[in-house]
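Look at the two complexes coming up: chain A is in both, with chain B in one and chain C in the other.
Let's turn to the complex of A and B:
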C-alpha cells in the first residue's frame, strides 16, 4: 500500500522566531513533494493534535513526520497506532534551544534534520505485528524454595506450570530446615514456618506438573515456543513452555578447601550446613565422642570474602550463625557461644535478632581473624584468634567449631561451555599448528566446564545463561535485576545472588512476574524490556548471506542460531530489537521495517554538505537513543549551546551502527563522525549489554576504509557518555570539532 | 492476562501508591503483563528518592539511565495512568474489589505545558529548591528538574505573593491555570500496592553529630545533590561554608541507624552508599583523604567486590568505631570528629573539612489507608496469605535499589493474581 506522508511543523517554543518557517516548509513541499505539509504554532496542543488526527482519518495520511519537540516529549498525547510510520524531527531541543541566536547555520541544521526525518519516514514501512499461537506454560527448573514458590505463584495467577527437580522430592535445602530467620515483627524469634505445606500444595496443584528425579535434557525454541525434553525415571517427557525460570539454587562451598580453618583436622570441626543437619536431627553433641557440647565457636566468612576462595559475601552466614547460636541456647542454656566475624551483617530488621543474640551473657562475639584451628587437649578444639576487639590475640577452646561456609551458585557458564566446544573442534581441525596449540590451551583452561550444563539450551551461544561475576547468572543492572541475556529465561533465588529463604521466596515472585509478562508480550508479538512493546522485527535477506557468522556471534541475547553452513536462523521472540545484528552485517541484509542500513544511509545522503570554500564543516554524530540522545535533550533544556555543524542521528543502540555508514558519510565529504554511546567494560551501562563495545570494535575495521580514502583516523571517534553527563556533551562535541578544523576539510566534498 | 481472565469489570485493575522506583516498577511490570494500572504519586514528578541520586552503587552509573527506560515504558503504554500531586485518601472494600479515593492537588499547570520556560522567566519569586534540599534557589514556577517526568512545569502557589499572576499571563499556550482546584477521583481496583518509600532520618535529632550547627556537616542524601551535575554546585563537591574544595572528608556510618535511641534497625544501604560517595570525593579531588568511621561494613553479595575495590584506594581509610561527637571548630573552620577506634583501642580526635552523616531510612507510611499493618518501626508488614493490599520497596524494609525493583516486580505479581482471582469469581 502506498504511504501518504504528512509533515507537521511546529513554530511554537521559539522555533518560529529562530527559523525561517516558510523555507523549512519548502523543504518538505518542494524537495520532497510531500502531499500534506502543515505548520502550526502550537502543534502539541489539542488543536494541533486534532489537525493531525483529522488528516489521518479524513485525508488518508498514513505516515506522519512531526517536526517540533523531542521525540521523548509529549509521547503519550501523540501515541498513534504503534504500527504506523511515524518520525520525529527534533527542532526544539536539538536546534533552536541549543542555538539561541539562530542564523544561517541553524536554519541549515533544521532543514537537514527535516530532510533526514522525511527520508526515514519515506523509507519506513508500517509494522506488521507477528502474533502466533504460543504456549503460556511456565517451566521452572529447580524444586527448592524458589522453584516451588515460583510455580505456586505463577499457578495462582492462572498459568500452567511444569516444575522440574533433580532430587526425588521437592524442597531443596530449605525443605530440610527446622527453623528459618525471623520474618515477622518483632523479628526476634525464629520462623517456625517450614515449606512442607507449600510442597504439598505444589504436588497436588491442578495447574502444576511436578517432575521429580528429573533433569532437563534439552530446551530449544524461544519465548512462547520453548520445547523442553525432560528426562524422568519413567522416560522422557516433552514440555511446551512459554518461559523458563531457573531456580537451581546453591551448594555449600567445598569445605575440604578450608584446611586452614581446621576442616578435616578433627571431626569436631563442622560446616554450618552439617551443623544445621545435626541440630535438626537431635541433641547437639561432639561428633568425635558424642559428648554434649558445652562450648561452640563459629568462624564467619569461612571461604567467603576471601580472594582465595569466594571473593563475594554469601549474605546469609551471619544470620545463619545467629540462628545456630539460638539452637544451642535452646538446648543448653549454659553453653558458651563464640562468634568470630569480620563484620556482622544483619541488614534491615535482622538487626533486632543480632541485638538479641548480643544481649545474652554467654554469647561472645568479636571481630577477629582466625589464625589457626587445631585439636587441643580434653578432646577440644583450640582456635587461635588475632586482631580481636579486646585488643589482643586469644586462644579459645571449644567442643565444637562451626565453619560458616558460603553459597556457590548451581549455575553453568553457557558461554564458556560453548567456547570449550569450539576450542575442542579447533584443536583438531585448526588451520595451523599454532592455532591448534592455542585451541588446546583454551580446552585445558575451560575443561572444568565439561558436562556442567543445566538448562541444555540448544542456543548457538551456549547451553546455559551467560554468567556475570563469580558464576552467578545475575543481571548487571541495578535497576533491572531480572535482565538475563536470554529472553524469557529468568534466574531467581540463590542461583542469581546469595540470599536467604525469605528473599528467595520474594525473588521467586518477581521472576514469575517476568516470566508471565514475557509470554504475554510474546503472544502479542511485542518486545520485552528495554524496548517494551516494540512491534518491529529484524528481517534477514538470506539469499545474500555470506555465512560470516558475525550476527550470530554478536547478538547479545543469543537470538540467532545457525544452520550447518553458518546461515543465521532467527528466533524472533528471543529478539530484543536492538539492531546489533544489523550493525554487524557486512552484507547489509538485516533490516527492520522502520530501521535499516539503507534508511540511515539515506538520511546521511540527505544531509547537504556545503562546498569547501564555504568553510562550514559537517560532522555526523551517531547517538545511542537511550542515553546519549536524552542527554543532548537535557542540554537543550538547559539551553546549552551546541555546535551547529553537527548532525545527530539517533540509533537504537550504538551496536546497531553499521560501518558502511561511516564510509558513506566520509565519501560524501562529511568531515568527521562521532559516536556517542554508553560506557562499556565490567560496569557497562549499555541496555543491550555489548552495543557500545561492539561499535568500538567495529571501528577498528573502519581504518581500512579510511586508508583507502586516504583520510586521517582522527576523523572518527567513539565517546562514552553517561546520561547525566549532559553538561559535558557540548564541550565534547566542541573538542571534536576543533580537531576536525585542525585536520582541515574532507577532500571528498563535492564528489 | 490469561485468556480465562477478564478485566476488572468497573475500571482499572491495580492502583499503586508511590511513584518512586518501587512503585514505578510495580506499575510497569503489571501493565506489561496486561493490567490496567493507576500510579499515584504525591510529588509533581516520578522517580522518588533515586531521581535525586547522582550514581548507583556498585556500578557508579546514573539513575537517570534506568529511569529513562522506565519513563519510556510508561509513555508507550496506555494501560498506565500516572497521577502526580495525588494522594490516596481512602480505601474501602475487599480483595478484588476496592474503591480508592484519590485527592489531586492543583499543579496550576496543565498538560498543555511545552516546557518553554516563559513562566519561569516571568516569575518574580525565588524559593529554596526542594529538589536540592534548599541548597539552591529556584523559581516558584518551573520544572522539578530537567529530567523530570512527567515533563510538565509546576507552580509553588504557596510561595506566590497575593494576586500575582505573572506566570499565567506569560504562558502563550494557556497552560497555567491559577484557578485550578483540588480534584477528587475514585477508582475501582482489584488490588492496591503501597510503595510509599522512605525519608532520610532527621539528622537534627542526632544532637551529638553537629548537623545544623555547622554547615560543613551534611547528610548522605545532600551529598548526592552536591555530586550531581544538576545539583546546587553543578556537581562539584565543595564545603558548603566557604565553597572550598575539601581535602579531608569523613563519613559517619550508622548516623541514627542501629541505635536504640533513633533507628534500632540497620538501614542496609548506608555502607555501600558511603563507599560510593568516597569515590565521588576521590574522583573530583585526587589529593583528598577520606575516612569512613563504621561499626560493621555491610556489603552483601556482590557488593563485597565494590567494597574491596574502594578499600584498595590508599587515600580511603576505614576505621571501626562509633562516632561519639562531631563539632564545628571555630578556630580552624574545620569539623572535629571524636571516635573510639576500637581496633586501635584508643580515642581519636580528628579534624575534617567536610563530614557526611550516613543517615538511614525511615519508612514513609504515615496516613496509609486502613488495612495496611505496620511493624514497630512503621515499616509495612507484608500480609500473610492472599489479600489485596500489598507493600513494596523501602516502605516495607530498608533495601537497596536492586532489591527494591525485585520487590516491586514481586508485588506486581501479587496484585496481578488478585486481578485474576477477582475476574474469576466476580
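Let's turn to the complex of A and C:
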C-alpha cells in the first residue's frame, strides 16, 4: 500500500520565533515532495488535532509526521489508528528550547531532524494488531502466604487461577507459625491471626483450582499461551495459562555451614527456625537435657551480611528474634535473654515492638561480633563476643543459643542449569582435549545446580528464571518489582526479596496486578513494561540467517528458542520489543515495522554533513529512549544549551544498536558518535537488563571497523547516564565535542 | 587484648536503678547522642553512653569502679537530647544513688533511705532521742533570757553529736574503702592522693559544675550551699570543741565574730537552698526528674537551715514554746542529715571528690 505522508509543523512554544518556518516547510515540500505539509501555531490544541484528523479522513493521509513537542508528550491525544504510520520530530525540547539564540546552525539542526523524521516515516510500515487466542488464567506456583494471597487477589479480580503447592496442604512457612509480627497499632503485641481463613477461602473459591502435593513438570509457550504440565498424585494435569506468578518462598540458610557459631557443637545451639518449632510446643527446654531454659542468647545475622555466607540482610531475623524473646518472656519472666546484633533492623512500625522488647529489665542487647561459641563444662554454652558496646570483649553463659539465620530464595538459576547442560555435552564432544577439560571444570563448578529447576521452562536459555544478585530472580527490585527476565512470569514474596509475611501479602497483590496486566496486554498483542502497549513485533528474515545464535543467546528475556541447527524460533509474546536481537544480528535480518537497521541507517544518511571548510562538525548521538532521551527533554525544559552540531537518534535500547550504523555514520563524514544509555553493572538501570552492557561489548568490535577506516577510536564513546542527571548532559556532550575538535574533522567528509 | 570478661547481669541492681529514678534506662539504643552533647564528657573516655549499657546489663562492678559516673553534674542536656527518651541524666543519678547504697555500711541502712516508705522510721529515732532528752534530761539553771540549753542540755547534745559524727566518719571510711577497691578492681591506676588537691580546687570554684549547667541558678545555688555549709561545719565543730573545752559559752553574743560568721553562713546556705529548690520546681522537666533521693537530701538540708534561723529568731524574741518546738525540729533534722549522710545523697560529696581525683579531673 502506498503511503501518503502528511507533515505537520507546530510553530507554537517559540518554535516559530526561533526557526524559519517557511524554510522548514520547504524541506518537506521540495526535498521530499510530501503531498501534505501544514504549519500551525497551536498544533496540540483541539484545532490542530482537528486539522490532522480531517486530513486523515479527507486527504487520505496515512503517515503522520508531527514536528513540534517531544514524542514523550501528549501521547494519548495524538495516538492514531495503529494502521497509520506515526512519527514525531522533537523541535521543541531538542531544538528551540535548548538553543535559545537560534541562528543558522539551529535552523540546520531543525531541518536535519525533519529530514530524519520524514525518512523514518517513509521507511515505516503500519502495525497490524495480532489477535491470538489467549488464556487469561493465572498459574501461581507456591501455596504459601504469598501464593494464596496472589491467587485470592487474582480470583477476586475475576481471573481463573491454578495454584500449585508441593506440600500436601496450603500455608507454607507462615502456616506453621504460632505467632506473627505485630500487625495493628500500637504494634507492641504479636499477631495471633494465622492464615487458616485465607487457606479455606482459597480452597473453596470457585475460580481457584488448588493442586497440592503437586509440582510443575513443564512450562512451555509464552505469555497468554503458556502450557503447563502439573504432576499431582492423581496424575498429570495440563494447565493453559496466560501468566505465571512464582511464589516459591524461601528456605533457611544451611546452618551446618555455621560451625564457627557453634552449630553442631552442642544440641543447645539451634537456629531460629528450630526455635520457632521448639517454642511452639510448650515450655522452652534445653534440647540436651530437657531442663527449663533460664537464659537464652540470640546471635543475629548468623551467616547474614557476611561475604562468606549470605551477603545480604534478610530483614526479618531481627523481628523473629524479638518475637522469640516474647515467647520466652511469656513462659519465664525471670529468664535472661541476650541479643547480640550487628544492627537491629526493625523497619517501619516494627520499631515499636523492638522498643517494647528492649524495655524488659532482663532483655540484654548489644552490638557485637560473636567470636566463639563453645559448650561449657557446666552444661551451659559459653559465647564469646568481641567489638561490644561495653568496650571490651565479653563472655556470656547461656542455656540455649539461637542462631538467627537468614532467608535463601527457593529459586533456581536457569542460566546456570543451561550452562551446566552445555558443558556436560562439551565435556564429551569437545573439539580438543583442552576444551573438554575446561568443560569438565565448568561441570564441576555448576554441579550443584543439577536438578534444581522449579518452573521447568522449555526455554532455550534454561529451564528456570535467570537470577540476579544473590540468587533472587527479580529483575530490578527498585525500578521494576515483580518483573523477572522472563516475560509473563512474575516473582512475588520471599523468592523475590527477603521479607516478612505482611510484606509478602502486599507483594502478592502487586504480582497479581502485574500478571493481570500481562494477560490483558497479551490479549491485544501489546507489549508489557517498559514498552507498554507497543504493537510492533520483531520479524526475522530467516533465509539469510547464519545460525550464529547471537540473538538467541543475547535476548535478555529468553524470547527466542532454537531449532537443532540454531535457527531462532521466535515466541513473539515473550518479546519486550527492545530490539537487542536487531542490534546483535550481524546479518541484519531482524527488523520491526517501525524500527529497523535500514531505517536508522537511512536517517543517518538524511543528515546533511557540511564540507570540512565550513567548520561545522557533526556528531551523531544514539540515545536510549528510556532514560537518556527523557533527560535531554528535561534539559530542554530547563533551557540548558546543547551544542547545535549534534544529531540525536533515539534507540529503543542501546542494546538494539547495530554497529553497522557507526560505520555508516563515519563513512559519511560524521565526525563522532556518542552513545548515551542506562547505567550497567551490578546496580544496573537498563530497562532491558543487559542492553547498555551489550552495546558496550559491541563497541569492542567497532574498533576493528575504525582501524579499517584508519580512524581514531576516540571518535566513539559510550556514556552511562541516569535519568536524573539531565544537568550533566550538556557538559558531557560539550566535552565530547571538544575531543572531536582536537581530533580534527573526519577525513571521509565529502565522499 | 585482655581476657574477655564474664558477664553476669545483676538483676537486683537493674531493678534498683529502674525503681529509683532510672525508669527509662532500658530504652537506650546506644546512639551516643548523650556523649556527644555532654559538655563534661572527656574525649578519651566519653560518657554516659557506655554507662547506659552497663546499667542496662546490670554490670554493677563496672559502674562501681567507673569514676565517670560521678563526673556528671546532671545538667540534663543528654536527657533533653536523647532521641529515645532514655533520660541518661536521670539514669546516672539513679546509678549514683544505687552505688551510694551499695558502698554504704551497713547495707540495710541504704535500703531504708531508698524509698519513702521507711521515712517515718527514719524520723522516729531522732524524735525518740530528743524527746527523751527533753523530757528526762537534767534541766539547766534558768537564766534571764530563755536558752535552748534549758531543755536540751549542751553536754548531752555535744556527746550525742560527736558520737554520731564519729560513727558517720567510720561508715564513710568503709564506703570510701569500698569505692577505692572498686576503682582499683576496674583498672583505675591514677593516684587519688595526687589528684585530690586539683579536685578540691575545682570543687571550691565549681568550675566544672558551671561548665555543665545551662543556666546559672543551679550552679550558683550549689556553690552558695556548698560554701555556706562548709562554713557552718567549721564553725559548728569549732564551737563544739570550744564549749567542751570550756573556752566558749553558748549562746554566743550576737556581736561575737563567731556568731556573725555563723549567721552569714546560715543565710548563704539558705539562699543557696532556695535557689536549688526554685531550680527544681520551676522547670517541669527537672521536677519530673527529681527523685525521692534528691528531695530527701535537699529538703532536709533546707529544713535544717530554715529551722536554725527560725529558732534563733524565736529565741531572740523570747517566744518560749514556739522556740523549743522549732528547735526540737531543728535537732531532729540535723540528726537526720548527719546520721543518714553516708546513705543519702549527702555522700556524693565524698564519692564525687574521690572520683574527680581518680579521673584527674581537677582544675
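The rule is short, and it goes like this: the second predicted complex is superposed on the first by the 737 of 751 C-alpha atoms of A that agree within 3 Å, B and C clash if a C-alpha of one lies under 4 Å from a C-alpha of the other, contacts with A are read in each partner's own complex, and residues count from 1 in each chain.
The criterion applied here is as follows: a contact is a pair of C-beta atoms (placed from the backbone, for glycine too) under 8 Å apart; a residue touches a chain by one contact, two chains touch by 3 or more.
The shown structure was predicted, so the numbers you read here are calculated from the model rather than taken from an experiment.
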item: Combined model on chain A where chain B meets chain C, clash or fit; value: clash
item: First, second, both or neither for A:355, with chain B first and chain C second; value: both
item: Which superposed partner A:638 touches (first chain B, second chain C, both, neither); value: first
item: Which superposed partner A:732 touches (first chain B, second chain C, both, neither); value: neither
item: Which superposed partner A:344 touches (first chain B, second chain C, both, neither); value: both
item: Chain B versus chain C as contact partner of A:305, first or second or both or neither; value: first
item: First (chain B), second (chain C), both or neither touched by A:367; value: both
item: First, second, both or neither for A:394, with chain B first and chain C second; value: second
item: Partner with the higher number of touched chain A residues, chain C or chain B; value: B
item: Which of chain B and chain C A:313 touches, first, second, both or neither; value: first
item: Chain B/chain C common contact set on chain A; value: 344, 355, 367, 389, 391
item: Complex contact set, residues of chain A against chain C; value: 334, 336, 344, 355, 358-367, 384-386, 389-397
item: Of all residues in chain A, those that touch chain B in their complex; value: 12-14, 42, 44-46, 69, 72-77, 79, 82, 136, 153, 156-159, 184-187, 305, 307, 311-315, 343-352, 355, 367, 387, 389, 391, 469-470, 472, 474, 476-482, 497-499, 503, 506-510, 512-514, 516-517, 520-521, 528-530, 532-533, 626-627, 630, 634, 637-638, 678-679, 683, 685, 687, 722-727
item: Residue ranges of chain C touching chain A (in the complex, touch as defined); value: 1-9, 11, 14-15, 18, 26-27, 29-30, 49-50, 53-54, 56-57, 59, 62, 84
item: List of chain B residues in touch with chain A within their complex; value: 1-2, 4-5, 21, 28-30, 32-34, 54, 56-70, 72-73, 75-78, 111-112, 114-116, 143, 146-147, 151, 172-173, 228-230, 234-235, 258, 264-268, 296-305, 308, 320, 342-343, 345, 375-377, 379, 381, 386, 397-403, 405-407, 409-414, 416-417, 420, 424
